[in-house]
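After this come two complexes, each holding subunit A, first together with subunit B and then together with subunit C.
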Partner chain A sequence: MLSAILLFLLTGVIMGTPLLIMAMGGVVTERSGTLNLGLEGTMLTGAFFSYYIAITTGNVWYGLIGGMVSGIVLAFFHGLAMIYWNTNQVVTAVAINMVALGLTNTLMGNFSKTTSAGNNISPGFDALFKINLGEAIIGVNWFLVLAIIMIPLTWFVIQKTTVGLAIRAVGEYPTAAATMGIRVRRVRMLCFLYTGAISALAGAALTIGDVRVFINNMTAGKGFIAFACIVFGRYTALGTAFGAIVFGISEAIRNYIQIFAWSIPGGYMTAIMMPYIITLLLLIFSKKGVAPKSWAIPYEGDED
Partner chain B sequence: METVLKVENLSKIFPKVVANDNISFDLKKGEIVAILGENGAGKSTLMNCLYGIYHPTKGDIYIKGEKVKLTRIEDAEALGIGMVHQHFMLVEELTVAENVILGRRTGKTPYLDLKKVEKAVKKLSDRYNFGLDPKSKIKDLSVGTRQRVEILKMLYRNADILILDEATAVLTPQETVELFKTLKNFVNEGKSVLMITHKLEEVMELADRVVVLIDGKMAGTVNRIDTNPRKLANMMVGRDVLMDFDIKPVFYDEFALQVKNMTVKDKHGLEKIKNLSFGIKKGEILGVAGVDGNGQAELAEALTGLMKIDSGEIVIGEEVFKHIKPKKIYEKGMSHIPQDRHERGLVLDMSVNENLALEGIAHIPFSYKGIIDFKYLRSHGKTMVHDYNIKCYDGDCPTKELSGGNQQKVIVAREIDRKPEIIIAVQPTRGLDIGATEFVRNKLLEEKERGAAVLLISTELEEILMVSNRIAVIHEGEFMGIIDNKNVDILELGLMMTGTRRDKDEE
Partner chain C sequence: MKNRESIIAPLFGLVVGILVSSILLIISGSNPILAFQGLYVGSFGSLGAISNTLIKAIPLIIGGLAVIISYKSGIFNVGVEGQLFFGAMGGSIIATMPMFQDLPAFISIPLSIIVAMIFGGILGFIPGYLKAYRGINEVVVTMLLNYIIIFFLSQQVQPGGFLHETGTKANQSNPVHEAMRLPVLFEGLLTKVHVGLIIALVLVVIIWFVMSRTAIGFKMKAIGLNPKAAEYAGMDMSLIQTKVMIVSGAMAGLAGAVEILGYHYRLVDAFALGIGYNSIAVALLASLNPIAVIFSAIFFGALQAGNNTMQIIAEVPESFTRLVQGVVVFFVIAGAVLPKIISKKMTIKRLAKEAVEENHVKEGQENA
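Up next is the complex of A and B:
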């Protein structure tokens, strides 16, 4: 029984790897007081470019770095608009996500024309070891290790360093932070770029870290779910990680249902929707009102 | 004595206004200098220039004999200038120690060594008798304690020139006494204090010298011992100011407004007003004093129908209400000068004329059968702007372009001009300068003499004392007692504000 639960948990973490990485990256930005709904876009861009660069250069590391750079570039424009020009944070994110979707679709369409079905597999990171789940075999790779390291690391940076203190302060009361010599917009922007890089890395985990192909819109809302995990996790590193793992487990449940053809009410549709339903339920029943005080409020101060 | 700070011919010109025009003064070691002026006199601009937030257009600043250029806050801090802001610059979710170390490192690495900071904070706190616990979160601290954290923040950064911006605005009388003690300690240690204020008593009690600003210009520098409050007020306003109001006794016997056993709960179900009972007679001003956040807002909102009453009743004239709607309030002749003029009192994007007509708009003569009479709206606006001396270029100008004082005049004009029976005034002079304050207080007194019952809720004790017939002190939703203004002991009021109940009420 114990090993079954352990296995269940492990599958949850494995299934949730990209989500976990992205949520860990995202929580930093939210903590600094900026609403980042562009996770989906940076993830998708990261997924595409890491795949594209890996396949064209034949080097998986180039792919990884290229993917992260693409995430930073997209986040840069997103952050520039929101943090420096105080544009509407929701609308800007919608635009960024649409750009990412359109861009990757178009580039992928062009790229597909040059490749044949057989040779569109990119190089990827090999699994460190594999877990046999009866009919499904899931590989454990470096991304998972990274995801797990990021949990305590993110917590440590936010809670135990002066950098984290600055991040928390600009998220709560940016004007006060400014009077203590902290450059509010710079802190927020750096957080934002970091999140862009990390969510692109999470995107890379989907392509070069897993299936080694790129499929249009393959992130399928994971960026928004990562955001939901952060809200559910009350904007803390550990809570967010918990949320991401719960979501991973619910994805695992879905897969079990599909693999073993368990019969549940609603059948296939319920199974597909399971993770989303669980997310929704978590959000409904999670405690509210814990966002940083200046969350999603642009900083109006005129220094920096 | 050594001069630690010297300002020479400083001017700060913004695109539309000259905020500081040729200001010169100096501050010596161990001295307290007050910068006295009305709102808009240029005090804040001057301080911001000294703190590196603004850059002077002209003129020089010397610190400890050296000419300096302050381009950022850090520059000012490095030179030993520390600022205690009127609105505390403290992150409520963080602890005292975290707020103190914010923006600095504790060692060579970014690792946050909180233990080290906590120790240092404790030491400083003990030295100045601040009684601070470095580990407590700001949100759990009282206003007075928060201010001590603000000061300690600056001391931790080795400030020896302390700038205080309207430091007593949020303090109880006891806390003010404590602050003054602290400041006197500082200067005895050889530090210097520059205090920005518009309160004359503060200047008289604390300052060695006073720099008076008027419309961005120097009205003069005087030694405290050579002046008195009346002279200072004259300098500050540029004319004679009414310092003492004549509070006439109450001539009527009937109650205009009575509250009986009223309880009000907020949306979390917490009791904000607890079983409160009182009455106000016609022609009486009842002042409600108290520290902000003790139920004042809820009391006003319940009386004006903006918040639901959970139990108890309100009696207006003879009519009893278990709950009341804002529209009914208007019909019953009750006026409301709200605490937050931007949120509750005005539609800032609408014109002055429109704001003046806001409440009566559904009635003749403003409208007939739902059609607005714009011609009347304009002429009404014009009369009001003239009568209430509202400074705006045109009644059609958007209200947001008016200064705070003039915005408040718009509300006062609208609320008072219809000759209300009852006036609920909450912080009616908050943020106003002496001139506008005098105007508003005078209007309230005029209305009272006309026979209106006035409930004046204010955190400024001075204001309450100036105009009220009786004074109630509110603490955590209850009245700690009601005192006749003739037998007031300020220290007793202060005790009541912090929760000491007075044994017997006076009628």
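Up next is the complex of A and C:
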């Protein structure tokens, strides 16, 4: 029984790997006091460009780096508008997500005209080991290792280092931080670019780390779920990780329902809806969040 | 001054947005001139094309208004997509189920629309309440609800679902009862432009009137502009924002019913995918002005209507129009703030220069 529960938890972590990576990246931006609802967009661009570059160069590492660069570029424009020009943080993210969806769909549409169905598989990272579930085999690759390392690392950097102190300072009391000589906008922007790179890496985990093809809008709301995990985790690294693993488990349940053809009311579609419903319920029944004091409030100071 | 700014930002957004997306298209190996030519032919090139553009603009006008009232009140309804789908489901219960077949049209059409608005309103209430009374970010809640509702709709039109057309394998509902289809305007001149256009235009006038001529509109704008000041002035911000979300959702639901009764004539899996998100683009391009929504909805309606022709003429993937939308919206947002930032920087520079000159004068006087 214990081993069954362990296996269940493990599949939860495996299913939640991209989400875990992204949420760990996202929590840094939220702690620096910026609302980042553009995770969906950077993840999608990361997923596409890592796939596209990996398949055209034949080198999976180029794909990974290219994907991360694409996430940084998109986050740069997003952060430029939001952090330096103080545009509305929600509306800007909506626009960025639209750009990401339109851009990746268009490029993919043009790219798939030049390839036949058989050779649209990109190179990818091989599984380190495989878990046999009887009817299905789940591969585990180093993205999982990375995700697990990122949990304590993110916690350590935010809570125990001077960099983390600066990040928390601009998130809580930006004006006080500025008088201490911290450049508020620069710290927030660097956090934002880091999150862009990490969420693009999470996107790469979906394509070159998993299925090795790109499907239009394949992130399907994971960026918003990652954000929900951060709110649920009360803006802490460990809480967020817990939220992401819970989401992974709900995805694992969905997959079990599909693989083992369990019959549930409403069938397959209910299974697909479930992770979203669980996330929503988690959000509703979580304690009222303790957001950083200056969270989602643009910095009005004069320094550049 | 205010009016000039609200025209400059959208124009700046349109021009720069179209330029940037053209460059991206060139990089991806297609010809943007051909693409926009195709878009034009498909959206304004013939009477059929124009009526197609208008049909696409109808739900965008209503959805755009739904977005405007929420954004003006400081709560961001990103859930028009889900509310529209849920409303369409509610409307379809009356419009497609056999038990309501014998109702006279003057009862059944309004009934169907009202049910749709109630469904949409319920879906608007959830994020509104959670935001106003629990402080849960409305964007996440509405996005999650969008996904849930879209899947829920496909589930219900699939075999086994309560709206599924019995005896078929297709994922669709029964057709809308003949008597309940919305009448077509300009019979013989423009094809299929339906009464929904009138409904949308009437709504534009109502929303414009409420927002600019009534006390409630003033309260909404006060909350959106300065929530703290509004609360000090004794406004119940939570209650007003919740109500606004209910109305916003109801309007999205109305758009869903109009789409079903006037255009699609049956509920199909993912029949209106993207309309909700496009409504956000419509509202932002219109600088949140209810009257300007008409033009911005026609522009985005034209992008959609011209899609097919563009695909055929220029061999550009249809999602290119989505890219154009996103980039245009981004630069509209940027265009609204950039003039202020530039003028602020210029003021700082001028002040610095004046200070330096003053110093020189002083030094000169001292030397003399």
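Everything below uses one rule, namely that the second predicted complex is superposed on the first by the 303 of 304 C-alpha atoms of A that agree within 3 Å, B and C clash if a C-alpha of one lies under 4 Å from a C-alpha of the other, contacts with A are read in each partner's own complex, and residues count from 1 in each chain.
As a convention for this text, contacts are C-beta pairs under 8 Å (C-beta built on N, C-alpha and C of every residue); 3 or more make two chains touch, one makes a residue touch a chain.
Predicted model, so just to flag it, every value in this text is computed and none were measured.
With both structures placed on the common chain, the touch criterion links A:98 to subunit C but leaves subunit B unconnected. For subunit A, the partner with contacts to more residues, out of subunit B and subunit C, is C.
Contacts of A:161 after superposition on the shared chain: subunit B is touched, whereas subunit C is not. Once the two complexes are overlaid on the shared chain, A:179 sits against subunit B while remaining clear of subunit C.
Contacts of A:107 after superposition: subunit C is touched, whereas subunit B is not reached.
In the superposition on chain A, contact of A:77 is made with subunit C only, not with subunit B.
In the superposed pair of complexes, A:272 makes contact with subunit C only, with no contact to subunit B. Of all residues in subunit C, only 21, 24-25, 28-30, 71, 76, 78, 130, 134-137, 139-141, 143-148, 151-152, 154-155, 158, 160, 277, 280-281, 284, 315-327, 329-330, 333-334, 336-338, 341 touch subunit A in the complex they form. Here subunit B touches subunit A in the complex through residues 53, 72-74, 77, 83, 85, 88-94, 98-99, 101-106, 110-112, 153, going by the rule given at the top.
Interface residues of subunit A facing subunit C in the complex, by the touch rule stated above, are 35, 37, 77, 81, 85-88, 90-103, 105-111, 113, 216, 220-221, 224-225, 227-228, 231, 266-267, 269-270, 272-273, 276-277, 279-280, 283-284, 288-289. Subunit A contributes residues 160-166, 168-169, 172-173, 175-182, 292-293, 303 to its touches with subunit B in the complex.
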